[in-house]
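Here come two complexes built around chain A, the first alongside chain B, the second alongside chain C.
Now for the complex of A and B:
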């Protein structure tokens, strides 16, 4: 690789762009050219942001959304890893099930949201079920991919050296498939989070998504902006955590 | 003796069937789907509460009633038009932005991180802003679809442009091609495979964006009907609506896949 030179110009343009955008927002708000309902003033949003960080309702909503996410990812992982492992072990099962699952996943699952509402109501159960369904597919597909792509020679060799099923799993299959599986878990958690936010916004009683939707309906734009900023930061943190996790599991393999 | 012959024949037939399924996993797959539908049908007549889940036969029977409603029909047609419009706009804008960003190394270094930053924002949270700015009609849904679909196009076009070999550009220039001609004859053909990957991703993203917005706005369109059907405990109607939307998604996804295969056959038959 060629040595990376620090690209001052490009970086300056990037920072300048963001600063210009913020300045533009600030002066547009001050000039009064745009109604505060459409674009709240920058200082007001900052003020609201500090306020919501001190309010109890904010932490309740945050806790609800995080709880939904954790339960949904746990359910999706349980089913996704188990089914993925069982299917991935048999070449024939892969041929039967993999296209079926990939085909279902090609349909945007969002169209089934009304069905989830019908079965599970509009409280957190439907959000968990919807998030878990969305998260399930990348997890199961990557697990099938990871397990079935383990070089069959490795399996034959370890069998011939007398490895039992448990040893085979722990010493051969798991290490070989882990990077792919962890990628699936990461994608699953990310889109599960988006699915939960989306379903909360469309119809929900609690959680960050429904809070944003409520504020939008009440034309309380400044507070809505503050919530949106927070959710974006939260998503960024989630992303960072997951990619750190992923590089810890997949790192040594990628390096070799 | 004859018993043994019969059971022998049965075993042979069973083995034959198993071998047949083994050679044709697609048949086994189809069998699973049919089995699932049959179980659903059976459960619908026995254990399921008809207020929540009706058997497939009831859904099929309800289809003419639901789709006969002119309001439902126009909502579904509107959704389809929004999907196509949003996709076309996303492709046109994404291609233009992608070429501009990709063609200059400086523009790429300066703006690509911004594009990636915007792409990493969970867009569902800014859905209310789209409704605020574009209203509750088709505008907000198309805009939200475009904002989802445009990123895969931009990123894939940029990647495609970057993959053009420097030697080809030098050759074109040395043979006297103008910048525009170079773009048309060298850069764009090189970008095609990557662009089509982008088209496929953009289609699923556009579907997500438009359908999210459709469901979010519950005062009109598909979102209104899903709410009405849920409130009036009319599951066959909900399922009909969902089935038509899913069919739309499958058709549009397939259309892009077929276009991709058509456009890229020369790569494999060269």
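Now for the complex of A and C:
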């Protein structure tokens, strides 16, 4: 573990970086070097930000996107964890399915977005399906990796002490694989969020993504940036929650 | 020379291994025979050491006794019953490397082991604490394995095996990963600890000193496919004092076992070293002994 002092320094540098970026934005806007239509001035965006926080439509859009995200990640987790576990338990299945799943994940699934629209319509169902599809792959791949890479000695020693399948799962496989699985959930949720916002922006009726796209089309860039700032804050919160979860589950295990 | 131990009265044998052979098939090595018609009996309360060149099949034999590996031919009986799989009520293991779960504390590691064995939840805490105390790790009960030294980890593994309160303890090179001072010290501890328990123990090792210091009988095995080359009895009473290692009896036994092992080791390490060693021997008689390389 690193000494606390370095933690403090690292944090100061990170905060300083963000402040410098904001300052750069502020002075760039003031200098008039960039048209306000392309890059609205920082105080205008801040003003809009406060305004949208007081508007009902903002909360509706936020609720829609969060609902899509939660449902998509739940579906992706259900399938990803189950399939990942079943595949990860058999060495043969890992050999067959791991490259297959990794191969599909390498395809830019976004080209199939029109297909999702055709099957699930233009409203939130297609966003959920699309987000779930994207979130599924990191979850299933990490679950396969986590379960299949459990040290076989742990399994042997457990069997020699009389562990049954259920005990083996609860006491050995799950705790051994958990850090890797939680990392998969984190990546899945992050990518799922991206996929949902993206699909909303490309073709959507509701949600933060479609709102940003609409504002851009209406040249209402100040409000658009206010939404973007909010999405950034939201992504930051999501990331913080997931990484806290991750470090909790990583637990007390350095090199064994 | 091949000494098959005289079959004792079966009821007195904790373990009897009858004509056990083991063969496995691997794509890169083809058919490999590890054990060839091995027969041996382990008496109740006896500490039997299996010693042989690296990779000869000692560990395989131990795993067959423990029910973790099935023999290709032959049969193993534990307390008169044929072994058909792990027998956690009768047999506990200490493995070579640390096999404690890194996500559990030492105390929880032992409690999980007791849970696996089927001990009621109410008894687990007390039994785990007793076992930890027996190996002198009470202070570290709530530490995680990575916070312990290699020697402490193996002591914790031993505590886990002892907590299961089985009649038989199988130990697969339990100290192999430790430095020499630590393993010598743990050997002394083990001798004291086990003298009090009256357990039947089979210990696989490739340390000559460890074998002589701990065993009642040392079974010397040949290179693969392993057969029993000789069985040597060590009469010194338990627990053995550290000064046993400096006695003439100790070094005689050690040399006797090494002499038996030497040809087998040469077969294992193969042509170039074997030839070099033969040349070497012609030039000057090999005084003392050389440590077999693991």
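Some observations on this one:
Criterion: the second predicted complex is superposed on the first by the 217 of 256 C-alpha atoms of A that agree within 3 Å, B and C clash if a C-alpha of one lies under 4 Å from a C-alpha of the other, contacts with A are read in each partner's own complex, and residues count from 1 in each chain.
The rule is simple: a contact is a pair of C-beta atoms (placed from the backbone, for glycine too) under 8 Å apart; a residue touches a chain by one contact, two chains touch by 3 or more.
The structure displayed is predicted, hence computed values, not measured ones.
Contacts of A:167 after superposition: chain C is touched, whereas chain B is not reached. Of the two partner chains, chain C is the only one touched by A:153; chain B is not. Once chain A of one complex is fitted onto chain A of the other, the partner contacts of A:224 are limited to chain B, with no touch recorded for chain C. Residue contacts after overlaying the shared chain place A:216 against chain B, while chain C stays out of touching range. Looking at the shared chain after the overlay, A:78 reaches neither chain B nor chain C.
Here chain B and chain C are compared by how many residues of chain A each touches, and B touches more. Once chain A of one complex is fitted onto chain A of the other, the partner contacts of A:106 are limited to chain B, with no touch recorded for chain C. Once the two complexes are overlaid on the shared chain, A:233 sits clear of chain B and of chain C alike. According to the touch criterion, chain A has no shared surface contacted by chain B in one complex and chain C in the other. Of all residues in chain A, only 7, 9-10, 13-14, 17-18, 37-38, 92, 95-97, 99-100, 106-108, 110-115, 117-119, 193-194, 197-198, 201-203, 208-209, 212-213, 215-216, 221, 224, 227-228, 231-232, 235-236, 239 touch chain B in the complex they form. By the touch rule above, chain B contacts chain A in their complex via residues 22, 25-26, 28-29, 32-33, 52-53, 106, 109-111, 113-114, 120-122, 124-129, 131-133, 204, 207-208, 211-212, 215-216, 218, 223, 226-227, 229-230, 235, 238-239, 241-242, 245-246, 249-250, 253. Of all residues in chain C, those touching chain A in their complex are 66-68, 86, 88-89, 91-93, 95, 97-99, 101-104, 112-113, 115-118, 144-146, 164.
Put simply, chain A touches chain C in their complex at residues 153-154, 156-163, 167, 171-172, 175-176, 178, 251-256.
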